[in-house]
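We just call them A, B, C and D in the order they show up, numbering each chain from 1.
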Amino acid sequence: MTVREIVEVHPQQSKIDLEVLLRCVDACVECAATCVSCADASLGEEKDRDELIRCIRLSLDGADVCEATGRVATRLTEPDFQLIAATVEACAVACRVCREECERHAEHHEHCRRTAAVCLVCEQACTDLLAALG
Amino acid sequence: MTVREIVEVHPQQSKIDLEVLLRCVDACVECAATCVSCADASLGEEKDRDELIRCIRLSLDGADVCEATGRVATRLTEPDFQLIAATVEACAVACRVCREECERHAEHHEHCRRTAAVCLVCEQACTDLLAALG
Amino acid sequence: MTVREIVEVHPQQSKIDLEVLLRCVDACVECAATCVSCADASLGEEKDRDELIRCIRLSLDGADVCEATGRVATRLTEPDFQLIAATVEACAVACRVCREECERHAEHHEHCRRTAAVCLVCEQACTDLLAALG
Amino acid sequence: MTVREIVEVHPQQSKIDLEVLLRCVDACVECAATCVSCADASLGEEKDRDELIRCIRLSLDGADVCEATGRVATRLTEPDFQLIAATVEACAVACRVCREECERHAEHHEHCRRTAAVCLVCEQACTDLLAALG
């Protein structure tokens, strides 16, 4: 992703391990897009839709929280680490909750199986960034 | 706001005190829009811009986190209260941090003074919702 | 809304009629929040859900386009009027399409009736801003 | 990106050439993230900041419009092609305008050079999708 290239030439230095940070940014951007797509695929499941309502709702939440977290984590100029940590923490929770619901439908719906995997990566990237933030 | 009217006729019941919830939704939507505007006004301050960089950055963060939180808190269908609480908690932190920075410029920049007031309302509305969530 | 107060003290002057601009910003912010809520209420309609899928999808689109347009229209510093006009034009289309679908369900679903009314206000506010942009 | 994998197993068929659609979705997601990062890097340029104000503002616009367009283009369930076309059209304009400004700073700021390249890809992907939409 190009954010990585921009961060490499960014005029401000980061106190955070850039590799851990960039993995989180990348995971948030990917997970937000995936959640938008999974909510839409679930909405389009004519037969099984009624069982996927919780999955749709949590994917919509996941998309919104991941998108905001990706933006906040991307910014290196004048960061506030309390704000970043609280946002990344919320993102880890959103990804876990969305993943757990997607896993319940993974056997019958391939899009849920793939979204669960992406949520797990993002949850882990958020947890790693939280550890790096101390 | 119309969200209040929609929530009154919403097919799903909420376990959360609706008045507390709606005050948080309203505050998040208002604070997101205000932060977008304050970041832009600060960016347009030709003479004092260099002192407002932290204010711009935290307003951009505040806009993103408030917007996502307003969306998450609005949804009543199949809510996950851990996810909602973590997001609202992040929003309270974002509003506090943005408010503290805006307050530092409130004497010289009326837009910062007004944004600080809106952030305070949102921070309090988030704290109240967190208390209601238990 | 506080954006109005900030615009009044904004360091940059606007070439656009501020009253027309602010009515569009206000309508976009209100319509985005309303669309988020209507999509969620429709998702929660257990009996009639299958008839509301197009309504949910267009409300999700409406929320996203109105939110982006509200942000773009709010910014007064270094505006590009071609960009603003194209975005406001897309918003007018999104509001019209969402309104037309909501109107089809207005008799049976009060939340659709209210959302249609909000979409109409936003569509008109966007059309007025486009006229002012020339 | 995982959206591609989800679209392959999506329950609803698309009338649009999926390859053209997915290239646009991918470009929008990448361009939104890049614009967030470029706005932040420009904000952090202590010496040259005053020359980058228009670049910052147009990157903020680009981020918002690309993000909304990426979401709208991702959804395959009950699409409205007028809405999609108007949004993609706005995105093409936003990318062109942001690219032209970034190009003016490309020689002195590597992050602007890279962002201009990403904007060009997104502008082209939007133009291609518009052609496919007919």
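As a convention for this text, contacts are C-beta pairs under 8 Å (C-beta built on N, C-alpha and C of every residue); 3 or more make two chains touch, one makes a residue touch a chain.
The model shown is predicted, which means the values in this text are computed figures rather than measured ones.
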{"item": "Contact-richer chain pair (by C-beta pairs counted) among C-D and B-D", "value": "C-D"}
{"item": "Type of subunit A:subunit D copy interface by residue overlap (half), same or different", "value": "same"}
{"item": "Averaged-CA centre spacing for the pair subunit D and subunit C, given as whole angstrom", "value": "21"}
{"item": "Whole-Å gap separating subunit B and subunit D, where each centre is the average of the chain's CA atoms", "value": "27"}
{"item": "Subunit C, residues touching no fewer than two other chains", "value": "40, 43-44, 46, 53, 57, 60, 67, 71, 75, 77-78"}
{"item": "Subunit C-touching residues of subunit A, taken from the complex the two chains share", "value": "39-40, 43-44, 46, 49-50, 53, 56-57, 60"}
{"item": "Contacting residues of subunit B [partner subunit A, same complex]", "value": "53-54, 57-58, 60-61, 64-65, 67-68, 71-72, 75, 77-80, 82-83, 86-87, 89-90, 93-94, 97"}
{"item": "Parts of subunit A lying in touch with subunit D, wherever the complex brings them together", "value": "1-3, 5-7, 9-12, 25, 29-30, 33-34, 36-38, 40-41, 43-46, 63, 67, 70-71, 74-78, 110-111, 114-115, 117-118"}
